[in-house]
Amino acid sequence: MPRPPSPSIPEKEFVYGALKQSLRLDGRAMLEMRTPTLSFGPELGWVECAMGKTRVLAQVDGKMVKPPPERPLEGIISIHSELSPMASNEYEPGRPTEEEVALTRMLDKVLRRSDAVDKESLCVLAGQRVWHIRLTIHVLSDAGNMVDCACLAGIVALKHFRRPEVEVEGDEITVHHPSERAPVPLSMHHTPFCFTFAFFPDAPPLVDPARLEETLSAGLLSVALNAQKELCVVQKAGGSPLPAEEVLAIMDIAVAKARELDRLVEARLQEDWKGRVVEVR
Amino acid sequence: MSSRIEILNDGGYRSDGRKQYELRDITIDLTQQGTADGSAQLTHGLTQVLVTVFGPREAKMRSQTLHDRAVLNVEMSVAPFSTGERRKRSRADRRILEMAAMIASTFEPVVQTNLYPRSQIDIYVHVLQQDGSLLPACINATTLALVTAGVPLLDFVCAVTGGVHSTSPLLDLTTLEENDVPHMTVAVMPRTRKVTLVTMETRLHVERFRELFELACEAGQTIHREMKYAVKDRTVALVNAMDAGSKGGAADDHDRDVVMDDRI
Amino acid sequence: MISFASFPSTSEAYGRYGNTRHHPDVEDDVHMDLDEDDFEENVQRLTVPGESITSSHAFMRGHGTYVDNDEVIASVAGTVERVNKLITVRAVRSRYNPEVGDLVVGRITEVQPRRWKVDANSRQDAVLMLSSVNLPGGVQRRKLESDELQMRTFFEEGDLLVAEVQAFFSDGAMSLHTRSLRYGKLRNGQLVTVPPILIRRLKSHFVSLPCGVDLILGLNGYIWVSKHVKQSEQEGEEGFDAEAVYSNKNDDIDEATRAAISRVSNIIKILAAHFVPLTDSVLLEAYEWAVEQESSVKDLLLDDVGENLVASLGSGLRQ
Amino acid sequence: MSSVLPGELVPAQHVNLKLGPGLLRQSSLNGQPLVISTRAGEVHHTTNRSRWWIEGNSRRYVPAPQESVVGVVVGRSGENWKVDIGSSHTATLDGLAFEGATKRNRPNLKVGSLLFARVSLAHKDMEPELECFDAQTRKAEGHGELKGGFLVQCSLKMCRMLLDPNHFLFPLLGSRFPLESAIGMNGRVWISAKDPRQVIAIARCIEAVDPDGGGMDEAAAKKFFSTLDV
């Protein structure tokens, strides 16, 4: 089946016209994000993140493996993400589409290459046993800005996950069942968040584009950074050219957004953890 | 790494003897390659890429034809011998696919695709040698190849990499430096000084980013000058050859008239 | 502040349009001179994409330019041309830009219902409608359904033909016609491709060289070099012989003619490589020179022979 | 009015029984004809119990003759336009099926144009066909190209509700500002008003009231509408 038709001319003209007056279809301000809703599953490391109708499920598990000989002192983190046709009727099964490549690469850069998780702390016994942390991302529904939502779900899942406590005596490794000893969280270097900005001709940039805005935009710019003002990923691959000052202005906006989001995530994690303590022991 | 190589020594020199803001040699070869409509071979230090452009021509992929503009199709291949470690990369490698997609989306707003509805412009990028700054080399070579193919562009696209070693910004990184310092790629359109592409994959503080970003935009202008010279050289050479040729055949009066009329 | 570091150049053998940038001290003024010459002489102005040409208030933009902020800006690299108020930039090399009435040589790529698709070195394949070709049994006969079913007996994939640009479709694709006895399928020769800009508009694009070789200089840069066909056969207005016109068989070609065809083809290739515009007189002069040299046909393709050939052109005039 | 799940028995019996969408006639073992549902939804019937149908709330549109739909032009093939109406196949629209269209003077549509058209042919084995006029009178009766405005997608139930003149939403909005709309049976509603703010308000209200979206009732919708800045 062919891809669904691109938005009609009246839709396009209306969106451009409205954005020129800084009006968005869902009533948001230009620099207002959809507030993410984080729900945690019964298991640790099971997070569903929803931004409007965009929903992404992230799940983390860990197992012990033998490390590859070239990196005997580091744990392994692998990210699996798949965009199935279930997310939107624009995605087809089979060959990885451009969107899927973009999503996989972005997750890889934001969550893995930015060193969010301390890989050395995942080493149990040098060259013998390390933790292999697997993060699986399912895009349940794509109603725009799936990349930000997936990155958020991924990082929260990593923060929510606890691995079993391990004890090493000589060459002997004892894994304590969660009922014996409380599992420990992953040691994290920092918490990067991803923000996507969309650009339109003759209109100010907007953050967190909805589906229609994303399709009609003249260009997208994604920034991943943590609350400590450290940029991890900046990605503007093509799209309409921007003056350099505008790019820098967006960095400042992203810095403020990251602080806000960091607070929200920490609060939700604490809230969830409070409700959980009783269960674990 | 056991023996760490000094990225920037006390004298302000980098591992290959360059200073902070020095770019590596650029060699541009715009000689025609086979039957391609346009081609450019660009050597940037030890990084070498060859780009050939075919088109605008009849779209091969009927399903992807656009009714109002041309499709840009970028295919990238990396020679197995291009790196120190001989390694065959499959064409479906996500990194290569991503880079090809980045090149395509960089040029989509720059090429006047709306002049060629239902056509296709094929851009084949061959990486022959890599020593850092691969994406900028590909982008610069693609710009030149499109220019030689006579494809209308709004402007050149000039790309460069930049990195930060502790607090000192560096330009045009080699593989060695890319592995060690946070770095970014910036592509600018020199006339309007607008930025078409920025990518960064390593951790860097916002303030450092700002400094490096501005520097890289400036370096883009320097690269532009070189690219412009190369294109002008070629144009002059071709136009002169054509003039000499028509003088030789001056027996045709009507032929000369057509040419002369058009001139300012 | 930003400069180039210099390393010993690894390669000497870069092409004619090669260019290496070394450290600023090494060589910098060469290019500058070039620029100034071009601009001050005001004979021919060269430009590159993104370069501002003039203000858009006084002039109109034509092909190869666009308007931004009240400035006319070039979008291709080439020569600036002005006709009254219209500014155009002609790309020094590009695909063929068709105009109605142009003579083109093309190759059939596809047979579709009631039409053929023809590759003519343009941005889209050209269309040759079944109704735009001469059908067997009378030049002006109406097309029948049976013709639609046997389109491949007229032209099939890979066939070469000469045609004229008739009109354009709304999407810019060109429509061809072969409704003249001089147009139609090509036989008895070979195709040589050159950049379209090298083919100038001539009084006639059918050129007969005295050496028994016919040339068809398609404005799209495709040149058909073939054995000479007698005028009487060609001009036979009444005798439209469908079998001969749509035949796929070559006539007998003797060795001397074959050598002549190859020699002409090689000359065209050399001239194209040196970017010399092709006209009948240039070709003739070059052919005479080649025969004088008494070198073999393949030697023509050697670099130095080619250079001598190009140098010899017009020498008679300059003396 | 009762709700059924697929496969349930529906007590539809009439000498002149006509079954609408979602119902299937089967013969049971004793030869007695049975009617079962093939969709989940509410069972409806006419007052004389001769016509029965099921009203569900799907989003997938199955074309039915004489229904008005909103479509997007996706291409042309010869004289005809290809129009996406959200059904499983694109519909065909004759280039001359417009009021006052002649061979010389035909509407100038583009790929991406919006149309309000009527389904003239819907058969399970054929592509649906559309027309923008009444084939008898050759009058447009409101059909044709929709210029300007905006397109809202909603559930099929929502557009049936909007078509009901007694439904509260459009009177509520219309009391505040003038608006134009074209409601397609395929879950697409074209709306137009003077100010983009108003169009956005309409779009958000439709989504809020849609039983498949916010599902607000009249009071809630009124309250929601008053919070919008128009």
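Lettered A, B, C and D in written order, each chain numbered from 1.
Throughout what follows, a contact is a pair of C-beta atoms (placed from the backbone, for glycine too) under 8 Å apart; a residue touches a chain by one contact, two chains touch by 3 or more.
Predicted model, so just to flag it, every value in this text is computed and none were measured.
In this assembly, C is the chain whose CA centroid lies farthest from the centroid of chain D. Nearest to the common centre of all protein CA atoms is the CA centroid of chain B.
The leading chain pair by number of C-beta pairs in contact is B-C. Chain A and chain C, compared by their mean Cα positions, are separated by 54 Å. With centres set at the average Cα position, the gap from chain B to chain D is 51 Å. The mean-CA centres of chain A and chain B are about 31 angstrom from one another, to the nearest whole unit.
For chain B, residues that reach two or more other chains under the stated contact definition are 67, 189, 192.
Residues of chain B that touch chain A in their complex: 63, 92, 94-95, 97-98, 101-102, 104-110, 184, 188-189, 192-207, 209-210, 213-214, 217.
Chain C meets chain B in the complex at residues 1-7, 9, 11, 14-22, 31, 34-35, 38, 42-46, 48-52, 64, 66, 68, 73, 75-83, 90-95, 109, 117, 119, 123-125, 171-173, 193, 197-198, 200-203, 271, 274-277, 279-282, 285, 310, 313-315, 317.
Chain B makes touch with chain C in their complex at residues 16-19, 21-31, 35, 37-38, 45, 55-59, 67, 70, 112, 116-119, 147-156, 171, 189-192, 218-219, 222, 226, 228-239, 241-242, 244-252, 254-255, 258-259, 261-264. By the touch criterion stated above, chain D contacts chain A in their complex at residues 72-74, 84, 110, 112-114, 146-151, 190, 196-197, 199-200, 203-204, 228.
Those residues of chain A lying in contact with chain B across their complex are 2, 96, 98, 101-102, 104-105, 109, 113-115, 190, 218-219, 221, 225, 229-244, 247-248, 251-252, 255.
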